[in-house]
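Each structure below appears as structure tokens.
Two complexes, one shared chain (chain A), two partners (chain B, chain C).
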Partner chain A sequence: MIELLQYLGKTTRVGFTKLGRGTYFLLQTISGIASVLLRPRLLINQMYSIGVLSFLIIIISGLFVGMVLGLQGYYILSDFGAEETLGVMVAASLVRELGPVVSALLFAGRAGSALTAEIGLMKATEQLSGMEMMAVDPIKRIITPRFLAGLLSMPLLAALFSTVGILGGDMVGIGLLGVDEGAYWSQMQAKLDFQDDIINGVIKSIVFGFVTTWIALFEGYDAIPTSEGVSRATTRTVVNSAFSILGLDFILTALMFGDN
Partner chain B sequence: MQHTSTQDTLVGLFVASGIVGLFFLALQVSNLSSFVEQDSYTIIASFENSGGLKVKSPVSAAGVKIGQVSAINFDPKTYQSVVKMSIYSQYNTLPDDTTASIFTAGLLGEQYVNLDPGGSDEYFKNNGKIEITQSAIILEKAIGQFLFKSAEEKK
Partner chain C sequence: MDNSVNSPNSLVSVRNLSFSRGNKKIFNNISLDFERGKITAIMGPSGTGKTTLLKLIGGQLIPEQGSITVDGQNVHKLRRAELYTLRKRMGMLFQSGALLTDMSVFDNVAFPLREHTSLTESMIRTLVLMKLQAVGLRGARNLMPNELSGGMARRIALARAIALDPMMILYDEPFTGQDPISLGALVHLIKSLNNTLGLTSIIVSHDVRETSAIADYIYLISEGRCVDHGTPSQIQKSASEWVQQFMTGAADGPVHFHYPAKDYADDLLSSGKRY
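Up next, the complex of A and B:
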């Protein structure tokens, strides 16, 4: 019994310490933003490895998700003779939920894990300490550019995911199943609101980008500097990111779409 | 590490396509084009029952959308539902004996206000009041009445 309590107490303490370190790390990262903006080259390099290299997987997944939505939506809606609302269904589910969430999950798997492994390995091979020895702040030089790049890339990737998905749904719905093209687009435009749907979707993706990049960078920076430690940190990044994305998505949805 | 200018180009391409995606969502997918505030004037109608009418529900005449509902309030004196509608300024020739009725698009579709222009020579001004209105048809009520009637006939 005592052991159980002791274990619970220890877990809580460790959890809170980690949260505290994470917050301190985040504040340090944010305080470095000004110095990164003075050296945009660092940011461009990271935009390349985080954004551009995630581009292809996002586009392809978006296309297939949109196509599947088109197919499944058509089968169900045609039972009610409401095939014309296929556009609304595909676009609303992509813009509100699937776009931000799935692209954030893919982002965590593709870019987040790479960030953790990269930084964890830098720590294991003492590159970070080396920088400190040369009076270069590793937070400003390494962490902040990656953080900013993740924050900027995520909304762009989510928007691309939704766009390609809607076009994929268009391809399957209109090209393959013969839904009326005018109805597909006009119903979509009539039902989707710029403020309520598009902006809220973008806000979601910014929040997810923030959280995912933060987790990935912190896990890498906080990893035990051994090969096993880095591998565990990478796993934790993907798992924790997925949990945070899905949990936050529920909270954000409840806040945003509550009063409809 | 790739050559820096190639990298710049790719990053530029990525950012540009992301922005194009956002624009596509804003303009092609959502109603941003109608989100831009058009010049409009307000007319007011009181209904016995405004049913499932909502703010932003369309207001149409002869099947064409000419405005949208801007507010719905309950009048504590007359116990009626006061519906304010903003009509686009280009349609400023509605006669002041126009009647308003609440219809449903399709059997289960959303509700909208339909305006039937009358024959008066005077046009509505801002905050004009529609005198003749017809309430929303509540489906449950209609079915109830129908069942009641057919039961009566059988007697």
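Up next, the complex of A and C:
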């Protein structure tokens, strides 16, 4: 019993100190934004390796998720003779939920883990210390550009995911199952609301991008500087990002769509 | 202890420094002086805290007690911006090289110049090639760090450390991993950098021969204390058994090769326990 309490106490304390360090790290990262904006080259390079290199996985996954939505939606809707609303169903699911959430999960797996490993290894091989000794702040030079790049890439990737998904639904619904093309698109246009659906979806993806990138960078920066430490940190990035994304999605959905 | 080496001409002075890692006391009230324009070596067994001392001087670690002044400034009282200004005038050669792995040798050496100066690319090119020439690796400029041997990486790191023409250089084990020819060249380079540029050098090493050949002054540290100090010839003649053992490399003597442990026979016989 005492041991359980001790264990709980210790875990809580460790958790809170880590949260404190993480917050301090985030503040330092944010304070570097001005200096990064003066050197857009750093940001562009990171946008490329974080954003552009995630294109393939996002496009392929988006396509398949959209196609599956088309199939499943069609089976259910056709029972009620409501096949024409397939476009609404596919687009709303994607824009509101699946686009931001699934692309953020993929982002955590593809870019987040890579960020953690990269930063963790830089720490383990003393590259970060070396930079400090050269009077270059590793947070400003290494962390902030990656943070901004993650923040900016996530909404774009989510939008890409949703767009490709809608096309996938279109391919299956119209091409394969014979839903009326005019109805598919016009229903979608009529029922999707810019404010409620699109903006809220974008807000979600910005929040997810923020949290995922923060977790990935901090886990790398805070990793125990050994191979094992880095590998554990990478795992934690993926797991903690997934939990945060799903938990935050529930909260955000309740706040955004609660009163409809 | 002898804490009164206080020389008015010292660039770096360490006063009554104490530092621990966990429960292990790495430095216990140690005082050292590093004179301007001289090569001062710190020697001691592996794990005594030589790298730790360099990190303390560079302001990356904070002492528990005591102070470190570099060029009249107390390193651990400086504000961040001031510390960074000071660090621009200190070059540090890491034990591992610590090259940035995502850029070529050329870009690594150019890194401090690009970060801290507004020189044109053609001036940077000239400077980088000069520094690479000095370490004999001008031809390796297009290689990536993963294509270098350990010894080459360290020489590139040295080129990078001198890129900004610092007032002093901290060398962490510069001689390890060098073949006899580059070793000779490196010893010569360190000496000539020191003499021609008027640099102050601090060398951490346990290569007795190379270090004694170029150092003006040597501190021997062990178990948190300064065991002996003096010019190389004074140290060679030291009456202390400890110093003699260290300088000649005998396996037996007051210094133990083993990390503290319980009795060997007991340890082997206490089977069944997994530690």
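Convention: the second predicted complex is superposed on the first by the 260 of 260 C-alpha atoms of A that agree within 3 Å, B and C clash if a C-alpha of one lies under 4 Å from a C-alpha of the other, contacts with A are read in each partner's own complex, and residues count from 1 in each chain.
Operating definition for what follows: contacts are C-beta pairs under 8 Å (C-beta built on N, C-alpha and C of every residue); 3 or more make two chains touch, one makes a residue touch a chain.
Only a predicted model underlies this, so the values are computations on that prediction, with no experimental measurement involved.
When both complexes are overlaid on chain A, the residue A:E126 reaches chain C alone and has no touch with chain B. Within the superposed three-chain arrangement, the count of touched residues of chain A is higher for B, of the candidates chain B and chain C. In the superposed model, A:D137 lies in contact with chain C only, and not with chain B. Using the contact criterion defined above for the overlaid structures, shared-chain residue A:A91 touches chain B, although it does not reach chain C. Of the two partner chains placed by superposition, A:L38 touches none, neither chain B nor chain C.
Judged by the touch definition given at the top, the superposed model places A:F194 against chain B, while chain C stays out of reach.
Of the two partner chains placed by superposition, only chain B is touched by A:I166; chain C is not. Of the two partner chains placed by the overlay, only chain B lies in contact with A:L157; chain C stays clear of it.
Of the two partner chains placed by the overlay, only chain B lies in contact with A:Y48; chain C stays clear of it.
Comparing the two complexes, no residue of chain A contacts chain B in one case and chain C in the other. Residue ranges on chain C touching chain A, taken from their complex, read 55, 58, 60, 84-85, 87-88, 90, 92, 94, 96, 98-101, 111-112, 115-116, 157, 160.
By the touch criterion stated above, chain A contacts chain C in their complex at residues 121-122, 125-127, 129-137, 141.
Every residue of chain B that touches chain A in the complex is listed here, in rising order: 2, 4, 7-8, 10-11, 13-15, 17-22, 24-26, 28-33, 35. The residues of chain A lying in touch with chain B in their complex are 41, 44-45, 47-48, 51-52, 55, 91, 95, 153, 155-157, 159-160, 162-164, 166, 185, 188-190, 192-195, 197-198, 201-202.
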